[in-house]
Amino acid sequence: MSTGFFGDIEPIRYEGPESTNPLAYRFYDPDEIVQGKRLEDHLRFAVAYWHSFAWPGGDPFGGQTFERPWFGDDMDKARLKADVAFEMFSLLGVPYYCFHDADVRPEGKNFAESAARLDEIAGIFEKKQAQSGVKLLWGTANLFSHRRYMAGAATNPDPEVFAYAAATVKSCIDVTRRLEGENYVLWGGREGYETLLNTDMKREREQAGRFLSMVVDYKHSIGFRGTILIEPKPQEPTKHQYDYDVATVYGFLKDFGLENEVKVNIEQGHAILAGHSFEHELALAAALGIFGSIDMNRNDYQSGWDTDQFPNNVPEMALAYYQVLLAGGFTTGGTNFDAKLRRQSLDPQDLLIAHIGAMDCCARGLKAAARMIDDKALIRPLEERYAGWNGEEANAMLAGRRTLEQVAERVVKDGIEPQPRSGRQEYLENVVNRYV
Amino acid sequence: MSTGFFGDIEPIRYEGPESTNPLAYRFYDPDEIVQGKRLEDHLRFAVAYWHSFAWPGGDPFGGQTFERPWFGDDMDKARLKADVAFEMFSLLGVPYYCFHDADVRPEGKNFAESAARLDEIAGIFEKKQAQSGVKLLWGTANLFSHRRYMAGAATNPDPEVFAYAAATVKSCIDVTRRLEGENYVLWGGREGYETLLNTDMKREREQAGRFLSMVVDYKHSIGFRGTILIEPKPQEPTKHQYDYDVATVYGFLKDFGLENEVKVNIEQGHAILAGHSFEHELALAAALGIFGSIDMNRNDYQSGWDTDQFPNNVPEMALAYYQVLLAGGFTTGGTNFDAKLRRQSLDPQDLLIAHIGAMDCCARGLKAAARMIDDKALIRPLEERYAGWNGEEANAMLAGRRTLEQVAERVVKDGIEPQPRSGRQEYLENVVNRYV
Amino acid sequence: MSTGFFGDIEPIRYEGPESTNPLAYRFYDPDEIVQGKRLEDHLRFAVAYWHSFAWPGGDPFGGQTFERPWFGDDMDKARLKADVAFEMFSLLGVPYYCFHDADVRPEGKNFAESAARLDEIAGIFEKKQAQSGVKLLWGTANLFSHRRYMAGAATNPDPEVFAYAAATVKSCIDVTRRLEGENYVLWGGREGYETLLNTDMKREREQAGRFLSMVVDYKHSIGFRGTILIEPKPQEPTKHQYDYDVATVYGFLKDFGLENEVKVNIEQGHAILAGHSFEHELALAAALGIFGSIDMNRNDYQSGWDTDQFPNNVPEMALAYYQVLLAGGFTTGGTNFDAKLRRQSLDPQDLLIAHIGAMDCCARGLKAAARMIDDKALIRPLEERYAGWNGEEANAMLAGRRTLEQVAERVVKDGIEPQPRSGRQEYLENVVNRYV
Amino acid sequence: MSTGFFGDIEPIRYEGPESTNPLAYRFYDPDEIVQGKRLEDHLRFAVAYWHSFAWPGGDPFGGQTFERPWFGDDMDKARLKADVAFEMFSLLGVPYYCFHDADVRPEGKNFAESAARLDEIAGIFEKKQAQSGVKLLWGTANLFSHRRYMAGAATNPDPEVFAYAAATVKSCIDVTRRLEGENYVLWGGREGYETLLNTDMKREREQAGRFLSMVVDYKHSIGFRGTILIEPKPQEPTKHQYDYDVATVYGFLKDFGLENEVKVNIEQGHAILAGHSFEHELALAAALGIFGSIDMNRNDYQSGWDTDQFPNNVPEMALAYYQVLLAGGFTTGGTNFDAKLRRQSLDPQDLLIAHIGAMDCCARGLKAAARMIDDKALIRPLEERYAGWNGEEANAMLAGRRTLEQVAERVVKDGIEPQPRSGRQEYLENVVNRYV
C-alpha cells in the first residue's frame, strides 16, 4: 500500500547516542520518561505540509528543484500527496501534523469549489488519522500566496478581500474542528505594508482587530475548543508585518481585549529576524501569559530573510526548551517543523533525514533543559540574585504601598548607597555547558 | 559677558536658500508661517546638554577627543558649562533645551549632595531661562552611567537600586517642574538584560510597571502638568531593552493601565536599530494615541550601534514631519537634537554648524510635509484606496455587526471574487519627490 | 503598430521641475549640457528586461501578480515581449537596454534549441535596434534560475554543469557581440555555497578563476571589444556568494591576473546588503581601477534581502554620481535599472512611472554632483586636509625612501607630537545639502 | 608572593567532564594527545591583557564598573597589573599571553617617555616569562585610543601621525622580538573613515600599503622571525575599516605584493560583524594561504557592535577548529581570548571562570573536530561530491587546456544535460551533531 516514494524503508527507531545510522534516532526515544512525562508528550512533534510537501524548491532567483510525483493542480495529485505525507508521518513516528488549506488541495475556480475540495481532502485526512493515530496539531488558511491577498487579507484596503479571507478562515476552522485539531493558527504574511505612503495603519489595525474578534467569536459559537494562535513575524514578504514580535502582538491583543483568547506560535527564525533570540520570545510570551506553541525553524544568522532551516544547534534548543519547561510545557501547543529542506536536498531520504536530525536535536535540548531544571542549576542563582526583593520594604514598594516621595525620603534618611554585585554571566554560561 | 568659547560670532540668522554662509540658516526662518503657525512653533527645536556639552568624544575604542574648558568634576566647571550652553542656545535661537541631571552637575559624594548640586544648578538655569527666553523642553535623570545602575535602575535585582533611582527621578521631576519643563522623559538604558540566564523578565517587568506608576502618581500629586515620555530603544547598552520600540511600549502601558498617562519620545536612530523606519514609529505612535516628542538623531544605516548623528537627509525628514503633522503636530513635545558631533569635529564652530545644518534639514522637511498635506498629494490617493470601506456592508463588518458565518455566506452567495488593484507605490514615491 | 499595452500614450518628454504630469520628466532633459556633455551621455540609462518584462510579481510567499499578455513559454510570447519592451524603451527615450538569455527566449528542450531560440530573438533585436536607435548596454547569461545550476555554474561540483555554463556564456557573448553590446556581465548568483560542510572553497574558487579566464580569452579571440563586468553581491540566493563585494572581487581578479581585464557592475542594493554604502563601493572600485557600470536598484534599509527597488532618494543619488564623475564618468558602462516594480504595482503605467521617477532622481543627483565638482565644494576641503602630505619628508616616507627606523628616529629627534584637527563632517554634510 | 587578588586559590586543573567544580577544566587536559599532539600544543591558548586587565568595564552609556587595584596612571600600578596578570596566566596554565603597549604601561608625556616605559615593563615581562614559562604569542601597538589617532594612524591625513605611528610600531616590534613573541599583530581600528566626504580612499590605501611594507622590511632588517598578522574588522569604531574581512585584506596584500609576508588573525566577532560565519573566514584564509591565528571572542548574534564575549557554543567551536585543523593547525598562531568579561562580572573569580569556560569550550570543539577528521566524516562525502572533476576532460578544462569554444562544442556534440544531485546539507549537519 506504500506509495514507494521513500523506497524500501523501515520506520525510524531509537538506537541510542552511539548509533551512526542516519535513519535512526539517537536521542529521541518517544517513551523515555522525563520529569514524569513521555518525551513524545513533552515535545509533541508535528510535521508541516507546507514546506515538506508543497514547496517546490524555488527561491527568488530560481524555480523548482524538487520533482515530486504529487506536484500538480488536480485532486489526484492532492490525494497522492496525502498518501506520501501520512506515510512519512508514520515512518517518523510523529504524533502530529499541520497544514494550510492551500497545501492540501488545489485552488478551485471560485471560493465554493476551493472549500469543497478542502472538505474532500478533510474526509481523506479523517480516515488517515484514524488509521495512523497521527493527529492534527493545527490547521490554518493560506491568506498570502494568491494575488488577491497581495495587499493584505484582513488588512486589505478592499473589504471584499476581507470578506473572502473571513470566509476562507471559517472554512479552515470548520475543517480543523472536524479533524479535532488542537489549535488554529493565523500567520499574517500580508498583514502589513510595503510603503506607508499608501497605508492607513490605524485603519488597518482596526480591520485586523475586528477580523480576529470575529474569529474568536466564531470559535466559541461552534464550540471549537482549540487554541487560536497568532504567529509573529517582523517582515517578509511585507516590509513591515503588523504581528512583528511577541511584544507587538501582546499590545494588539490587549487593545482588542483578546489577551485571554489568543496565544502565540513562536518561530525561531522569526524571532531572529525581529532582532530577538528565540528564548527571549519564549520567555516574554510566558511572562505575558500568551505562550502557545512553537515552529522550530531556525534562521541562518548570516541571512536577512527567512531561511526556515531545520534546527541543528543543540545548545540553542536547550535554552529554548528551558523556557518552554519553565512556562509549564506545552498544553495544546507543540513543536512544529515548518522547516524547509535546502533547495539542493533533492532526495526523498533528505526529507526523512532532516526531520530525524531536527527531532534528535530537540530531544537532546529538552532533556538538557529538564536536567537544568531538576538541578535548579540556573534557578537557584536566580533566586539568590533577586532575594533582596523578599524584604519587607522592598515588598511594600513593589506592592504599591509606597509613594515616590516616601521612597526618596528613605534614601536620604538611611543614606542608601547601593553596591553593585556580579551578574555572573560567564559562570551561568558555563553551567549551561555542563548540560549540553 | 560672553565666555568667548565660540569666538566673535553673531547670532545665526536666516539668509535664505541661496546663502552659502555656513553660519546662517537657509531654510529655518522661525517666523515663517506654515499652515497658519510660525515655523518655530511647529518645530519646537531643543538642544540637548547630553551630547553637545557633556560627551567628551569617547567611543569604545578611544578616549576623549574634545577639550572643553568646562570638563571636570567641580561645580565651577558646571557653571561654566551652563554659561556656554545658554550662549549657544541664544546664538542658535532655539526655543528649548533638555538635560539629564548628570549632564549639568557633578555627582556628589552621596544622594543628598547630588540632589543639592542639581538644585543649585536649577537656580542658575532659572535665571538664564528668564534672561534668554529659552525654555526647558524636558528634564530627565541619568539612570544608566553610574555603576550602581549596571544591572538596571527600576528593574535592578537589588531593591535598593530601585529606591535610589526613584529618589533620583523625584529630584529630577521636582527640578523639571521648577524650571517649567513641558515634559519629563524616561529612557531606560539599563532596563533590560545582558543574558536571560540571570534574568527574571516577568518580575523585572513588574518592577518597571510599578516604578512608572509611582512616577505618574507623583506627577499628579505635585501638580506637574508636563507629559511623561518614554523613549524606546531596542538595545545598547543592554542586549535587550524592555522599551524596545513603540509597539512594545504600548503593550507595556496597556498592561499597567498607563496608556493615557504616558507618551513616547521617538528617536530616529533607535527606530532604525529596532528594524523600523522613523516614519513607521511616528505613524504607529499616532495610531495608538501615544505620540509625544522626537529626538532627531539619525543612525548610520551601515552601523549596528547608536551613532546619534545630526540628521542630514531631507527626504527622510519630510516623511517624518509628514507623520508629525498628520498626527496634529507637537503639543508639549518638540524636536530635540540628542545628537553628537562626530568625534573628530573638534572645533567650537562644528557644534554650531551641526545644529544649523540639522535645523535647516528639519525645516526643509517640515515645509515639504506641510505642502504635501495642503495639496492632499498623498491623502487623496489614500482615501481612494480605502474607499470601498465606506460601503454599507463593509461598514457593518468593521463595526462588528457581522459574524464570520454571515460574511462567509455572503461570499458564497454573491460569488465574491476580489480583483487586486495597483498599490501605486512608485507613483506615490514620485509625488513625494515633487516636494523635496 | 503599437501593441497597445501602454494604451494611448505619447513619448515621455521633459517638462521641467514645476510639472506635475506623472508621465513627464521634471529633471531629465537628455539634451541638457552638463560639464560639456549631454545628460543622456552622462547617465547612459538602460532598462533591464529581467525585472521589467520577465518577472511575474512573485516572492517567496506568493505567486504571480502581474498579468502580462507576453507571459508564456513559446516563441510567440517572446516576440510580443520584445515588441512591448522596445515600445517602452522608445516611450521612455532611453538609449540602452540589457538582458539575460532567459529573459528573452523560452528555454529549449536542450542546449542547442535554447541557443537557436536566442539567435532568433537576436535577429529581431537587431532590427528593432536599427529602427529605434536603442542600443544594447550589456548582455548576460542566466546561470542561476534553472535547477541544473542549483549548486553553482562555474563553481558546480559537477564539471558537466561547468561545461554547460561555459557553452551558455559563449552563446550569450556571441549574441552580445552581434548586437554590438558595450559590455558583457557575469552575476554569479549561485557561485557561492549554502553550507561549508559540503563545499571545497579553494577548489570552487579555482573553477571560478578558470571560467573567467576562459571568458576573457574568448572575448579576445573573437575581437569582442565590450568590457567584461562582474556584478558583486554578498549573498542571496546563496548563503555566501564568492563575488561578495568590490574588495572581494578585486582580490579574486588579482589572484588570477585579471584585474586589467574585468571591471565591476555595482548595484546599490547589493552594496547595502554587503554592509557598505553605494558610494563606498563606487569610490573603492574607482580607487582600485575596476569601476565599470552601475545597477541602480536600491535596497530597503529595513529589509535583509534584495528588494531591487527603483531609486527615490535624491541625496543618495547625488553622492553616487559624485563618485562616478570623480572617477571620470562612464566609458562603456551606464545606469541600468535592474529594478522591479513593487509586486502590487499592476498597471502598465506603473512600469513607465517607476522608470520616469527613477530617471528623474538620477538626473537630479547627477546634476547636483556636477555642480559640487564644478564648485570644488568638497574637493577643496579635501585637498586642504591632506596638504601635509605635500611636504618633502612626508613624500619621502610615502615614496618608500624612509625606513621604519629612520622615521622613528625623526619622531624622537624632532619631538613630534601631532595635534588632531577637526574632520568637519557636519560642515561637509551641510555643503552637500546646498546642492540637493 | 601572590598579590592576593584572586584570593586563596589553587591552579586550575583538569577534572574531567563529570566535574561540577566551576574552577576546574572539564575538557581541557593540556596533556591529552589528539592526532599525535598535546592539546596544549594544538590550542596554544593566550590571554589578552587588553580586555582582561586594562578594560575598566565601560561602555558608551556608562563608566567604569570594575575596581581593580592596578587601575591608575603610574608605573607602580603597571607593575602590579603585571603581577596579577602573570598570576592569572599561571593559575589558568595558559602557555601564552598577548598585549598592546598601552595595556601594559601608562602613556608618557611624549613618545620617548612612552617608549622608555614600555622597555621597563618589557624587562619585567622578561623575568616573569622566565619564571613562569609563559610565552608571548604576540605584541601589538595601540594605534586607536589616543586622540592623535582619531583620524587614522597609517591612514591619517597628517603625515606626522603616520610618523608617530611608525615609531610606535617600531618600538613595539622591538619589544616583541626581545620577548621572543611569535607574531606581531596590526589591528587598524582607526584605519578607515567616518565619512567619504572628507576621505581620499585611494590615497589612504596607499599610505596603508606603504606603512605595512615598512613594517615588513623592518622585521626582516632586524631578523625578527615572528609572523606579521593583520586582524580584519569591518567597522567600529570607524564607519568603515579598510581591513574589512579576510577577502579584503587578501586583495590589499596582493596589491602591495605582501601576500607571502603577512597573514591574518581572525576574530569570531569580527567575522560576524562582517556578515560571515567564523568558519567562513577561517576556510577562506586557508584557501588563500594567509591563515595565521585566531581571536576567540564571539559576538552576540543580536547585537550590531563588537560584544567581544567569551565563546560558549561548542558546535560553533567545533566547526571553527575543524577549519583550523584542515588548514594544518596553528604554526606561530594560537587561540587568543581578546574577550571581555561582561560589565557586570565584577568579581575576581569571574575573570578565571570566563577563561575556564571558554578554554573548555574550545577544547571540546577541537576534540570533536579532530574526530570528524579522523573519521573522514565530512571529507569522504566532500570527495564524492567533487569526484567528477577527476575525469580527464574535466581536468583539461580546469587546467586551462580547453577554450570556451571547445567546451561549447562538446556540450552540443555530446548533448550534455547535467542532472542535479542532492547537496545533502541536512545529512551533513546531522553528522556534525554526532561529534559535538
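Every chain is named by a letter (A, B, C and D) in the order it is written, and numbering of its residues begins at 1.
In this section, a residue touches a chain if its C-beta (ideal position, glycine included) is under 8 Å from a C-beta of that chain, and two chains touch if they have at least 3 such contacts.
If you want to know which protein each chain is, UniProt gives these names: A, B, C, D = Xylose isomerase.
Nothing here was measured: the structure is a model prediction, and the numbers come from that model.
Under the touch definition stated at the top, subunit B and subunit C share these contacting partners: A, D.
Steps from subunit A to subunit C, minimised over paths through touching chains, total 1.
Note on chain placement: the centre of subunit A and the centre of subunit B lie 35 Å apart, centres being C-alpha means.
Rounded to whole angstrom, the centroid-to-centroid distance between subunit B and subunit D, based on C-alpha atoms, equals 40 Å. Multi-chain contact residues, meaning those touching two or more other chains, occur in subunit D at positions 65, 147, 150-151, 194-195, 235, 240, 275-277, 302, 342, 344, 420-421, 423-425, 429, 431-432.
Of all residues in subunit B, only 57-65, 144-147, 149-151, 189-190, 194-195, 235-237, 239-240, 273, 300, 302-307, 342-344 touch subunit D in the complex they form. For subunit D in complex with subunit C, the touching residues are 110-112, 115, 147-148, 150-151, 156-164, 166-167, 169-171, 194-203, 205-207, 210, 213-215, 217-218, 221, 234-235, 240, 244-245, 247-248, 250-252, 254-255, 274-277, 279-280, 283-284, 286-288, 319, 323, 378, 381-382, 385-386, 388-389, 391, 393-394, 397-398, 400, 402-405, 407-408, 410-412, 415-421, 423-425, 428-429, 431-432. Residue ranges on subunit D touching subunit A, taken from their complex, read 20, 22, 26, 65, 272, 275-277, 301-302, 310, 312-316, 341-342, 344-347, 350, 353-354, 356-357, 360-361, 420-427, 429-434, 436.
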